[in-house]
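Per-chain residue numbering starts at 1, and chain names A, B, C and D are given in the order in which the chains are listed.
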Amino acid sequence: MNANGNRVRLGILGASGYTGAELLRILARHPGVDIKALTAEKNAGGTVAELFPHLAGMELPRLAKIAETDWNGLDTVFCCLPHSTTQEVIAGLPKRLKVVDLSADFRLEDAAMYAKWYGHEHYAPEMQKEAVYGMTELKREAVRSTRLCAVPGCYPTAAVLPLMPLVESKLIDADDIVIDAKSGVTGAGRELKLGSMFGEVAEGIHVYGIANHRHTAEIEQELGHAAGRKITVNFTPHLMPMNRGILSTIYVRLAKGATADTLRDALTKRYAGEPFVKVLPKGAAPATRHVRGSNLCLIGVFADRVAGRAIVVAAIDNLVKGASGQAVQNFNLMHGFPETTALEQQPLFP
Amino acid sequence: MNANGNRVRLGILGASGYTGAELLRILARHPGVDIKALTAEKNAGGTVAELFPHLAGMELPRLAKIAETDWNGLDTVFCCLPHSTTQEVIAGLPKRLKVVDLSADFRLEDAAMYAKWYGHEHYAPEMQKEAVYGMTELKREAVRSTRLCAVPGCYPTAAVLPLMPLVESKLIDADDIVIDAKSGVTGAGRELKLGSMFGEVAEGIHVYGIANHRHTAEIEQELGHAAGRKITVNFTPHLMPMNRGILSTIYVRLAKGATADTLRDALTKRYAGEPFVKVLPKGAAPATRHVRGSNLCLIGVFADRVAGRAIVVAAIDNLVKGASGQAVQNFNLMHGFPETTALEQQPLFP
Amino acid sequence: MNANGNRVRLGILGASGYTGAELLRILARHPGVDIKALTAEKNAGGTVAELFPHLAGMELPRLAKIAETDWNGLDTVFCCLPHSTTQEVIAGLPKRLKVVDLSADFRLEDAAMYAKWYGHEHYAPEMQKEAVYGMTELKREAVRSTRLCAVPGCYPTAAVLPLMPLVESKLIDADDIVIDAKSGVTGAGRELKLGSMFGEVAEGIHVYGIANHRHTAEIEQELGHAAGRKITVNFTPHLMPMNRGILSTIYVRLAKGATADTLRDALTKRYAGEPFVKVLPKGAAPATRHVRGSNLCLIGVFADRVAGRAIVVAAIDNLVKGASGQAVQNFNLMHGFPETTALEQQPLFP
Amino acid sequence: MNANGNRVRLGILGASGYTGAELLRILARHPGVDIKALTAEKNAGGTVAELFPHLAGMELPRLAKIAETDWNGLDTVFCCLPHSTTQEVIAGLPKRLKVVDLSADFRLEDAAMYAKWYGHEHYAPEMQKEAVYGMTELKREAVRSTRLCAVPGCYPTAAVLPLMPLVESKLIDADDIVIDAKSGVTGAGRELKLGSMFGEVAEGIHVYGIANHRHTAEIEQELGHAAGRKITVNFTPHLMPMNRGILSTIYVRLAKGATADTLRDALTKRYAGEPFVKVLPKGAAPATRHVRGSNLCLIGVFADRVAGRAIVVAAIDNLVKGASGQAVQNFNLMHGFPETTALEQQPLFP
C-alpha cells in the first residue's frame, strides 16, 4: 500500500524487452503494487513466461496490445517503448495516469536538442514541460510531485551521479571532462542486431559511437545545469562481454586548490545517507560485479600522477540503477512508498 | 521471528568462501535472524566487506577465529568449512546448537563409505547418526526435527531431485542411469587453483572426475534408498565457463509400459505445490540462466528417439539450491519459519 | 601448386558467414591456391574487410552475386550456402568444377531420409550419387577421387570419428549409444537469431533439439554403415557460452570381453599416424580449448563405474575440423596437395 | 635458415607461463629454428604437453632447470622469467648468446627509475647499456644489431605505437595524454592469484593500478624521448573478461592547427608499408577481436566533440604483439630472417 493505504494498479507498456523483464523481477518484491496490464505488440496474446522463462513463477496478466489496454483499471504506467513511439503513446494516455518512462523521449528539455540528436521533431513537446528528469538523488523533490518521470539513460546515470556535485561545487574544470564508459551487452536491448550476437562480442572489446552517442546530450544538459552554462564533454562508450554493468572511468582537471581528496570528501558529503549511492573510501575501486542485480552506484576517487588531475570511477548495473531500478525508485517517490521498497536486495556475486 | 516469536541468533563458520557470502546475501532478506558471529581463520580481524565488497552494505560482525567464538550467544550455526575439518569443529560444539552443515561430512550414512571416498576414517561417526540429509523436498519432516542438517552437494541436488521419484516408483531402470552434468566455476570454491583461473576455463569445456567424483557416493546412497538396494550410476561432471549453474542431462531406460509422459506426470504429481521445484510442460527445456540467483530447480522430461529410453534434464543455481539456498530452506524448517522465507526473489536474467 | 604444378583457382560461394571467413583464414596460408571469386548475395559489391575486419590484411576479390560469377576462371568452389539453396546452385554449375560443399545438402545418401529431416524433396537427387561424405580419415580414398565432397556437420564429426572404429569392430553395442554434445555459439552461424544473442547465451547452458536435431541423420547413416544395419542413437546437443568448440561425451555399452582399454587401443591403432586425430593416453581428457583454431580431434576413453560401460570423449573446433578445416583437408586430397597443407598451425590457447 | 644459411638453436627460459607457450605456438611455424632447450624450475623433468596439452603435437625437449642447461648448444635464448630473477640469469649467460628478454628487467634505461618502480637496485646495471627497447617498428635498426633485446610490455606497446609519432611530430600536447587501457586476463600471467580466478573476473570489469602501474615508466620513457624531455602521462588499466587483447583508448589535446585527420595522416604515413601496424581509414574503430592470435596493431583516430581534442584507439593481442609475437619479430631482425617469418597467420575470429 502507498501512503494513502491503497495498492497501486500498474501497467507496463513494452514488456518484451530486458528493461520490462527487469521491472517485473524487481516489482515481484513490491508489497504495494498490482500488475494489471502488460503490453507487447508482437507478442500480444502470449505470456511473459514464454518470453522470459525465468519469470514463469510470477502470476501475471497476458500480454496485450496497447490499443486493447483498459486505462481505467490503471493508476500508473511504466513505459519501456522505443524512442519516438513513446511520445505518441504517452501523449494519448488519460492525463490522470502517472507515467514512469524509460525511453529517451522526455529526457531532453530542449525540443531543438531532441530533434538534433534523434533526427525528428518531437511529437509531444508540450508534455516535455511537465516531465522531470529522474536522477533520483539529484531531483528527489521534483520527482515526488511529478506526473511524468523521465528515467535517465544508463550511461548518463553512471556519469552524472559522480560528476554533478563536482561541477556544481566548481571543484573541477567543466570544460575538460573525459568519460570513458564500458558497458555490458544488455544495454543494447533485446532486438536482433549483429553487434549483440555472442560471436561478435565475446572475447573482445571495442569502442563505438565516438563523439555521437545520444546519451551525450543528457550528460551535457545535466552537467550544464550544474555549471550554469552550456558545456561540452567527451563521452566514449565501449561494448564488452558481460551481461550487465557499466563502469565509467572519468578523467577530470582539478580546480585550483582541489585535490582527489577534496573531490572524494565532497561526494561523500553529498551522498551521505543515500541508500544506493556509495562513495568508497580512499584506495577502493568500484567494480561492476559488486553492484550486479542491485540498485547501487559505487563511486571512487583517485589522484592522478599528472599534476592537477584526478580520476573518478563509477559502477552501476545498467538494467537496475541504469534503468528499471531507478524507475522503481522514482515510482516509490511518486506514490509515497519508502524509496527503497523492492530495491533492498544485495548484489549477486559471483 | 520464528514460530516462538524469537529472533534466531546465527553464526556462520567459514564465511570467506562463496557459499558463506551467498548465505549472507540470502539472509540479508530474512526477517527472523540476527547474524552474531562470522569466522574465517585466515582473515580473522578483517571485515566481510574486505573479502566481498558486494556485501559492504550489510551491517555484520567482524570476522573472527572459531576458537574465539562465543557459542552462548548463538542458537544455530551454518558450517561452510572444508570437509574433515568440519567434523572436528562440529563435534566440539555445544549440543544445544542447531547445525546446518554445507560440507560433505555428514552426508554419507555409512562411515565405511565416507572413508572410501574421502580417504580417512570419519572423526565423529557417532554424530552421523543424528544427521539428516537435507534434500528438502524429499526429507521435509526429518529436516524439521533434526539438530544437524547435512545440506546435499550441488551435483547431487541436480540429480536426486529429478531421479528419486522415478526410481521410487520403478518407472525407470535403476541400473541404467547416465548423469551428464555441466557446472559453473563457483562449484569449485574460492581457493586458488589453476583449474579455476579465467584463462583455463573461459572459451572452453572439459570433462573431469570421470567415474571418481565424490558426489557419486551421495547420489548412489539416495537413489539406493529409493530403489531399496545398492545401485551404481554413471555420473560425469564437466566444467564450463559460467559463474553459476548446473545442468544435469540424465539418460534413463524406461520400465516396461513407461514413457516420457509417464515420467513427467509422476514428477509433476510428486512436486505439485512445491515452491522451488518446477516440472516444465512437455517440450520446455530447463536452462541454467532461468534459475540464476534463485532457489529453483527446473525439470524437463523428453522422449528419446531410441526406443525404451527417455531424457530428464534439471537446472539449478549451484550456489543457491545447490548450497546456501537449500541450507536456508532447511534452516527455515528447523526453526518453524515459512519454508520460503528469504528465498522469494526471482532469478536474475540476463 | 598442386601435384600437376598448377595453382588452383578457387571460388567461395557464401563468403559472408563464419565458415566462409574461416576458409579464408585457413587458405591465407595455402601456397597452392588463388582465390578468384567470392559471393555474398546481400553484400555483393562490398569487401570481405567490411564484413570481417580481421581479414582486412588479405588481398581478395570483391564480393559478388552468384549469378555474376565467371565459372570459367575457376577450378574448384567451396560452398558455404544454406541447405536447399545449395542443391540448386550446385546443380547449375559446370560439371568440370570440383565442389567442396559445407552444407548438409549432399551428406545424406538416401533422398527419402533427406526429405524426412529437411522437410522437402531433394532438388538434385541425381548429383547425390557422385557425392562423397568427407569424413576424411574414414573416407580418404573416396575423397581423393570425387568431384563433389560433402563436408560432414560439426556434431557428426565429433561423434563419428570416435565411434566409427568401435562400431565397426563390434567392441560396443551399436544399439546403446548416448551422445551428449556441447557446442559453442558459432555452430549456429552468423544469421541473426535471438538464441545467439550474447544476453541469451552468456552465463548459462541449455539443451536443445532433443531427439530431433538434423545432424542425427548423418550420425546414424555413418554408424549404420559401420554396423552393417540401420541403427538409432541418442544425440543430445547443448549450447554453451564459448565461440568455438564441440565436446562430445559419449556413453557406450561394451561388447562382451571389451574394456575401456580395449576401446582405447582400437582407436589408437585406427588413428595411428593420423596428423589430426589424436587418441590421448589413459587418464587424459580432451578439452575444447586445446584444439581451438586447429584441425585437431582429440579422443579420450575412460572406464565407467557401471559394469560393462565406458565413456568416450572427443573435442574439436567446430569451425575447423567441424567445417572449414576439414573442407580444406578434403580439398587437399582432391587436388593432390599434402593433406595437412594450410592446416599446420598449433591451437590458440588461452 | 637465417641469412647465413644456418638454423638457429634456441632455448626458452621460463617455458611454463603463457608467454612461453605462445612463443612455442608461434615458433612451430618458423622454418629457421631448432628449439633445443626449455626450462621451468618447478616443472623440470616434465614435458610441455603436460603443462600445455594444446602443444602436445610439437616435438620438444623436456623441461629442465636453468642450472642444467647446456649453453654451448644454443645460439639465442628467449627469457620469459619474472622480473629481477631475469637480471641475475641473463648476467650469468655466456656473452656469445643473443637474448630476447620478455621481462621488464632491461626496458628502463635509467637504473634509478628501475629501482623506483620495481623496489630494488638493478642487479646488472652494466648490461642495461647494451639493451635495446624492442618496439620493433620504432627501433628497427637498433634491434637488428643488438645482442640483448628488451621486449616492451603489453600495455606500452598499445600506447607507444600510436602515440610516438604524434609526440615526435608535436601534433599533440605531450603534457595532456590520458591512456585508458582495457586488458584481457592473460596479461596477469599464469600464476595463481585471486584476481585471475574465473569467478572474480567473468561478468564484470574493474580498474586497477591507478597511477602506479609499472608499465607507466616505460611509456613515459619512450614518449619522453619523442618529446625531448621528461613527461608524465595518465595510464589507467582495467581488467576485463577475455583471454587476450588490449584496447587503448587515448585522449589527447591537439597542437594548434592539428586535427584528427592530421593525426591519422601522420600515423598512416609513419606506418605505411608496415606489415603489422595498420592505421584504419576514417570512421573505422579497432576491436581486439580483430587481432586475436595475430601480431597486428590496429590504430584508429577520431575527432572529439570537445574542441581541440582527439581520440586515438589501438588494439593488440597482448600475448602476440604485446609479448611473444613482438619477441619473434625482434628475433627475426637480430638473425636476418624476414621480419614476418612465423608471424603471417591471420587473426582468429570469432
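Just so we're on the same page, a contact is a pair of C-beta atoms (placed from the backbone, for glycine too) under 8 Å apart; a residue touches a chain by one contact, two chains touch by 3 or more.
The shown structure was predicted, so the numbers you read here are calculated from the model rather than taken from an experiment.
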Chains touching both chain A and chain D, listed by label: B, C
Neighbouring chains common to chain C and chain D, by label: A, B
Greatest separation from chain D - chain, by CA centre: B
Between A-B and B-C, the pair joined by more C-beta contacts: B-C
Between chain D and chain B, distance of the C-alpha-averaged centres to the nearest whole Å: 46
Centre distance in Å when chain B and chain C are each reduced to the mean of their C-alpha atoms: 40
Cα-centroid distance, chain A relative to chain B, in whole angstrom: 36
For chain D, residues that touch 2 or more chains besides their own: 18, 186, 199, 202-203, 241-244, 287, 289-290, 292, 350
Footprint of chain B on chain D - complex, ascending: 18, 185-186, 190, 192-194, 196-199, 201-203, 241-243
Partner chain D, residues of chain C touching it in the complex: 18, 21, 24-25, 28-29, 52-58, 185-186, 202-203, 243-244, 278, 284, 287, 289-294, 296, 344-350
Complex interface listing, chain C residues touching chain B: 175-176, 178, 180, 182, 184, 199-200, 202-208, 210-212, 216, 232-236, 238, 240-245, 247, 249, 251, 285-290, 292, 302-307, 309, 311, 313, 315, 350
